[in-house]
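Structure in structure tokens, see below.
Chain lettering (A, B, C and D) follows the sequence in which the chains are written, and residue indices restart at 1 in each chain.
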């Protein structure tokens, strides 16, 4: 495989994890525009652990995921008070606060960035990406996912039939934050250099974009979205300086053609039946 | 009345005020185990508010809600539901995009390790599936099992809602206008179902405007008007109660 | 169902159709072709640099081919846009080195991109030389394949500050920097305070760093603070387009004090911000630089730049155009002199030859004088302390980035 | 911040201090307040622009930041053609309103009824397009006005207010007042408020909801355009990326002011402007964003209806 495609694949794998982190939170009806913040937390913790504490990357990632997950839970509780676009704006604020913190975090370079990480292979990134994707897909077949869907659809009714919406929503925030941290840790070790600018609002939006373009009702949508988002700008190179203008136009066109995203449950069911017929 | 057993449900002087407006004033009400109790009254009498207070959707301004003698007044809705009170809604609240079968799984409590909830259904939760099959058969929903519930006819949607509530093996079932908009045959079928549920040991409190249905089904009736209990008794007594007639007919006339 | 399927196919087709247009696959270097690569930011906030860089490289390509090519082979420069996004720069390098089989790569431009792209260059064993990165230590961390045709800001500052002190009789300064820009923040928070101390200049806000963020419109509060400190001069460590905001605000508040900064300030745009405020900064090239070589370069390139849409009418070649032109020229020189064959089977050996040539390079005739590279991979070349006032840069001091300050320039 | 306690800015000994809190300090404070107010005016206009669309339609129009930028470029084009400032202002407003209309027709109208995130992302698509088109048309270097429009200034001791600052402030007040009149007193305003309250009911009452959303977008666009011209002239330099940071801040200002109350931004804008400036002046410039976004989160959690919002926010839960 060419190094170029390996690089592209690594980007897709990292974006897939980031998108899944948004997907998990969105599944409970909460839109997070701050997941780049969790990615940043993960990236900095993982990098510190491998570079300064000398831990192996896998251990570092697990620790970062746990810490970020705990922060996610801490964010998730106050987030319960907010709905829809208000929650989105609060999480946007969270992301900016994290970035602002990292800029002032002199112990790890502040604006100068941090290096010293070892490069990881595309295979390693995809081991994580596929594991998390499969895990999420398995959970999608579990009772808890029904509860998640119920909470997203009608939180009040869900509560009245005995579902603990608080636990589900906060839990989702924690899980999403943990997955985002893994994405961040892998990002740091793929690029072997990080700076606060890597974890800006723009990246948070990219993660949401991947989920929505790919299809926000199935985990495989995150995969489809990540592939599109990474490949499209590369394919559009022949347009030279109009590349990103065209990218924006295509984005709108895709939403117009299929606002629920490329993949959804009905389509997957259809394909599944088709393949058996 | 058997006084040695605590009532399945007891409302003890419940008051619910929104701002300065009293939606419920000093309402007391008992449902004994195995009873079917009707809650009736004109529109805006506070019937649905009563359900909302019982299920924890509203916090009572004062008074106590007791389930089998245990106060559940300040518990959150999901805990009250898990304690054994399930309900249906006046304007049906099914989960969009969920099939009938999924509705029968979603509300069931999970015993054992929490992690098991994360395992795919077919590997972990044989008991849950058995229960769902049982309820599916009981409510005769087998032939619409994989249909998205919201695409079903109105009458079937009500059934699915009841079925969803029953899967959790509640001790008390609250039905908010279970036969509204149904024809006579459909209403009869619901009546039969409710009676069979009672045979299974369930206590039922229901709101209904269809008087024929209520009179034929309920053991006792409570009548509310402007949030105040104006009558309580057997259907025959209620039918003859002048205050009730006044509340209903006086205004209609 | 079928209609939704059509829509899915439509959406997928949208992407697929586009991919079809350009699914030409990697073009392998024919034996009669010498292929070089470049990574420039042709879109995003630094689009202007990237676009003039592109024109510069196209000019070089044409010049070389008109003169008979490289060792008889045609020169082709594959130029990729990184959209000012570091991650894209890394994939650009992978594509250039892996798929396009280029012999060496010019770029990327920014330090943020260089930080992540140079490690890839090392991994893929191909020379990459940045035309603009000047954040300390970026090439040094990525030896032996990373080079920069720029001079480390701390080296430049060591010559800039004494001139600044002498020319304007500076005894105290206030420092303001762009905290979001890694290079600017390093210069503003580390290098400049140190240099001021070395030169006996008091930093009035030493305990109270003044910063802003890339993209900030308003720096009035910071400038008011500077005004209250009443320094003899102001250190503005920011990219030129951000520095414009600061200098305009200084003018507005009547802080007409000489400004000093790093190479990031060098641009024609900054001269327009406040002509009455003198600006001192180091440069390795400026458009009005005297000499045959630079003047020919400017004369040939300027009309080409004017043909690019979206660039200001009065645009002039920038320092980074000169730098990337030199990088291309050095590569071509290496190919000619180091026995590079350009054959696909010799690719690895060719790349190593170019690297070794670069390492040993001395006295390469650049636009502003001879060029070599030090152990850190940074250029040893002449630089000029230029002073911008009343709309033009004027060279005040010629310096040399060699360790002894003279040999090699 | 050693040695820089709040209220006592570090000053040079040659700055003629005579008492612990000198006149100099007072003038610096005044200057900073003026700075904060000017910045606040910018925030107010852009935040109002966000909140018109947000309040009426519940949609975050991310292209507003770029409408602001475009307004600036349109205004510059007029000023560079040596036409007067009022013409530039009108051109900036009209141009941005026109683009806003396109955004509404393609980026919002087809997505009515979709989850809030969908129109938000389609407007993001526009934002990407506009940034890149602007780069291709005007370049990425700052476009600058060669000599300042309205270069006069008024000095109060060492503090100075420029004529253009006064223009920014007064035009902002004027625009906000006209908007207030429009929303409160005219039939368009009533229709806007009706749609904001309940779109379906408004339609039943004969309000042409489709046209009203278009008007809301165009009004919002023209405010952003006006802000672009004013800011462009005030700072005298614009780039295609000028809207990005200020756009995010304006969202914070809108939230702090309360999204359903248009007037919230009028208070929140200057408030945040002054908070920012005072943070830079007396605490430390590096924690400025921390303070602003932290404040936004705090407001969202403690007073979801915003500082000025009354009663229950429109996002409070109903059973």
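Assume contacts are C-beta pairs under 8 Å (C-beta built on N, C-alpha and C of every residue); 3 or more make two chains touch, one makes a residue touch a chain.
The shown structure was predicted, so the numbers you read here are calculated from the model rather than taken from an experiment.
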Furthest chain, CA centroid comparison against subunit D: B
Closest chain to global C-alpha mean, per-chain Cα centroids: A
Between subunit D and subunit B, distance of the C-alpha-averaged centres to the nearest whole Å: 51
Mean-CA-position distance for subunit D and subunit C (Å): 34
Computed distance of Cα centres, subunit C from subunit A, in Å: 33
Subunit B and subunit C, separation of their C-alpha mean positions in angstrom: 73
Multi-chain contact sites of subunit B, meaning residues that touch two or more partners: 57
Where subunit C touches two or more other chains at once, by residue number: 43-44, 47, 179, 310
Subunit D residues counted as touching two or more neighbouring chains: 132, 135-136, 286, 289, 319
Contact footprint of subunit C on subunit A as seen in their complex: 2-4, 6-8, 11, 103, 110-113, 115, 119, 191-193, 195-198, 228, 231-238, 240-241, 243-244, 250, 253-254, 257-258, 262-263, 266-267, 270
Subunit D - residues contacting subunit A, complex: 54, 58-60, 106-107, 110-111, 114-118, 120-122, 124-129, 131-133, 135-136, 248, 251-252, 255, 259, 286-287, 289-290, 293-294, 296-297, 300-301, 304, 313, 315, 317, 319
Partner subunit D, residues of subunit A touching it in the complex: 26, 31, 78, 81-86, 88-90, 92-94, 96-97, 99-101, 103-104, 155-156, 201, 205, 208-209, 212, 216, 241-245, 247-249, 251-252, 255-256, 259
Complex contacts: residues of subunit C adjacent to subunit A: 1, 4-5, 7-8, 10-12, 14-15, 18-19, 21-22, 26, 42-44, 47, 51, 80-81, 83, 86-88, 90-91, 94-95, 97-99, 112, 115-116, 119-120, 123-124, 135, 141, 179-182, 185-186, 189, 310
Subunit D-facing residues of subunit C, complex: 43-48, 179, 204-205, 207-218, 220-222, 224-225, 227-230, 241, 244-245, 248-249, 252-254, 267, 269, 272-273, 309-312
